[in-house]
Amino acid sequence: MSDAAFLNLEKLTLAYGDTVAVKDLDLSIRKGELVAFLGPSGCGKTTTMRSIAGLLSPASGAIKLDGADITRVSANKRSVGLVFQSYALFPHLTVFENVAFGLRLKKLPASEIESKVTAGLKSVGLSKFSARKPGELSGGQQQRVALARSMVMEPKVLLLDEPLSNLDARLRLEMRTELQRVQKETGVTMIFVTHDQGEALSLADRIVVMLNGAIEQIGTPEDIYNRPISRFVADFVGFENIFAVEGGKLKAGNGPIDLSGSLPPDTAGLAWRPRMVTLGSGPFQGTVRGASFSGSTREYLLDTPLGAIKAEEDAALAARETGSTIAFDLPVEKAACLKKFG
Amino acid sequence: MFQNRAEALALALPAAVFAAIVFLVPVVILLAEGFRSADSWSLSAYTTFFSDPLNRTVFLRTFRLGLMVTAVSAVIGYAAAFAIVNLSPRNKGQMIGLVVLPLMISSVARTYAWIVILGRTGIVNQALQLVGLSDEPIRFLFTETAVFIGLLQLFLPLMILSLISALENMPKDAIPAARVLGANWFQVFFKVILPLTKEGLVIGGTLVFTGSLTAYITPAILGGSKVLMLETLLYQRVTVANDFVAASVIAFILIVMSFAANLLLKRLATARNKR
Amino acid sequence: MTPRVFTPLVLFLVIGFLIGPFFIIVAASLSGGETLAFPPQGFSLKWVAKVFTVESFQESFAISMLLAIGGTAAALVLGVPASYALSRYKLPFSETIRTIVSLPIIVPGIIVGLALLRYIVVPFGLNITLTLFLAHTALVLPYAVRVVSASLNNLRSDIEEAAVLLGSSRAGAFFRVVMPNIRSGILAAFILGFVTSFNQVPVSLFLSGPGVRTLPIDMLSYMEITYDPSVAALSALLAFMSIGIVFLAERFLGFSRYV
């Protein structure tokens, strides 16, 4: 188990005053992993990250990094880097001095600082900006300075708070590539916090979905995307048709509905993405309420005895008229089986 | 932006002319008086003033107390402002209210309280005798210490308020960023907080320094004639000796010191903005 | 030191230092003894009652009220148009005008009082009350301009242009559109000006004579004669008045942002 548990959170409980933000959180992260904390605002993801950085001391529980208990180690003595959402560059210092800040505190020889900062700025492509003040840089450039400032410290873990949220679409792609490159080149363990499932899916090796201060699901992007285990996760990753299951029957509309296939015994709910809904045949009937065209597909909103259903079809097929009644099916074998509902 | 000059002047001039007649002109004449001697311009009033050792003592004391009050209020101000800024918004509002409150209370009333506290039978003396630290009442009133305490209490709120707004204008997360990069609290203060709040410190410092120089009530009540400051000396020169020339000299010194502090403030503030 | 200890400790000490003396004044003024003392000797309201019977306090209170209300109102009459010109117009010499108008804050009050006495009252034989009124008006002017300018600057200037385009005259636009929106700023300026003027000592120091005295000056001279707790009682009453005003102002205007 040597590659397991590089960073361990054990029964971690975090609170602001009397407000508990995170309760009894257990998580272990392997060396070199790129992990995303995904969840809506207020779910405790940023709080957890700040406690890993040492900016918030846990009410109880432990944080272990590389075999050492760092729960009570203060923020300035942990080998943890943090790229803030606001970047938090020091406006009174040049780009060079920002990146050199931590190295100077370490009292490294000037020549070593010089070469590390130069290399750090070069790797993020900002060599020629070293004499500028942060205020003269664009948002994307500021973020790369913040990244370089953390990376020159050679942290054991690099934390990133919403690294892509303040960037426009083009820069977002650039930064995504940048982060993957940094991780590949340095092998640093990275954790980033995001509320955007797309970011988490495309960037992370593993995703930790959080809700109300607890972990809802941990898994690979494929797990999370295809096999959500709770109603919340299913909803969060785009399953639009979600129903509770009770006694092997679907709870929807006016009453329980028998299902054709067999379900695992602990199934609490079923969820379908719009494109998993079969249109044109099946046991159910629905009226087309509205349609929207999105290039390659058409999405329909159906009024059905089960409630509103969203379905999607290839745009190459003929459009279905609003007001017409069509048959449809919710194939059980395609559905995501939810263990938690509510 | 409206362009009509006549309209603009009609709106602004009454106030300016009023301030000029009631303030500027009489004060300028008063100041000029100090540079006149036997119908010609001369600095003799100044050489006479500074040749008197008492006047020199008073001048240096005023300057020294001003600096001390400013320095101590800066230290306390940072601690208090930092504590207040980190409160929840609700508590922060209440605390700021408590800091503003004394500014609204008559300085006669505020200074008078120190007589009750520092007097011969005041609380401090009673406490000292009770604990056995002294057998006889110690004289606190009419000492520099009393004036210092009174001035500090009078002007500390101005420093705290300036530093609160400076701390609030600091970039979010600058302090945690420095922590994560390895700075201890001492380094966080000197490498991040101080440079980023310099402007607020300068504004607060100027207010406190100028206020201390030009306060009258506090040195009058707590210093009396034993601990004269420039303002009380001026009053004494006029009322006791009818010496308007000395008054003019003191006035000029006070104004120069106030303006110097003000200019320094503007200088430092713009130096920062230019970057 | 952890924030959990640091924050309350610092706040307790600092607020205690700033507000504590006020409580001591209140306690001392409720003393039953004949001289100023703390802890108070017994409890009585006699010193509070005495304040209302001292004739000079009554007169000086009336004068201070008159100066504070009249002076502040006059300062606003001068200051509001000036602030408007400074914030909305391309004004020639605007920096000079701004400096002149804010001079009374920079120049030490005692000097102003002396200068007015020497060069206005004595040579022109100007009435003392009138001179005090002028001095207090000038003294409050910088605060009026500062606070009103701040609230004008927070108000988008295009609303006047919109009003003018809708057929209003420039003056009409000011009274119909601007005034209602800066009312709380003007009120805040009035309160700040009132308190400043009422508590003002140095300017009035030379101008107050035997007949005409402001309340703080009267208190100072009373203190020189007697050592009974009535000045403490008066101080406490005045402080309560200020606290009441500020509390209401804070409640309804969010006053502290203007200070």
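Residue numbering begins at 1 within each chain, and the chains themselves are lettered A, B and C in the order written.
Quick note on the criterion: a residue touches a chain if its C-beta (ideal position, glycine included) is under 8 Å from a C-beta of that chain, and two chains touch if they have at least 3 such contacts.
All figures in this text were calculated on a predicted structure; none of them were measured in a lab.
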Chain labels contacting subunit A and also subunit B: none
Best-connected chain pair, where connection means C-beta pairs in contact: B-C
Gap in Å, rounded to a whole number, between the CA centres of subunit B and subunit A: 53
Between subunit C and subunit A, distance of the C-alpha-averaged centres to the nearest whole Å: 56
Distance from subunit C to subunit B - Cα centre to Cα centre, in angstrom: 18
Junction residues of subunit C - those touching two or more other chains: none
Residues of subunit A touching at least two other chains: none
Parts of subunit B lying in touch with subunit A, wherever the complex brings them together: 88, 171-174, 176-184, 187, 191-192, 195-196, 275
Sites on subunit A touched by subunit B in the complex: 17, 50, 53-55, 74-78, 80-82, 84-86, 88-92, 101-102, 105-106, 133, 135, 149-150, 153
Touch list for subunit B against partner subunit C, complex: 1-5, 7-9, 11-16, 18-20, 22-27, 29-30, 76, 79-80, 82-84, 86-87, 93, 95-110, 112-117, 119, 121-123, 153, 156-157, 160-161, 210, 213-214, 216-217, 220-221, 231, 234-235, 238, 244, 247, 251, 254-255, 258-259, 262
Subunit B-facing residues of subunit C, complex: 3, 6-7, 10-11, 14-15, 17-19, 21-22, 24-25, 28, 36-38, 78-79, 81-82, 84-86, 88-92, 94, 97, 100-101, 103-104, 106-112, 114-116, 118-120, 134-135, 137-138, 141, 145, 157, 170, 195, 198-199, 201-202, 205-206, 216, 219-220, 223, 231-232, 234-236, 238-239, 242-243, 245-246, 250, 255-256, 259
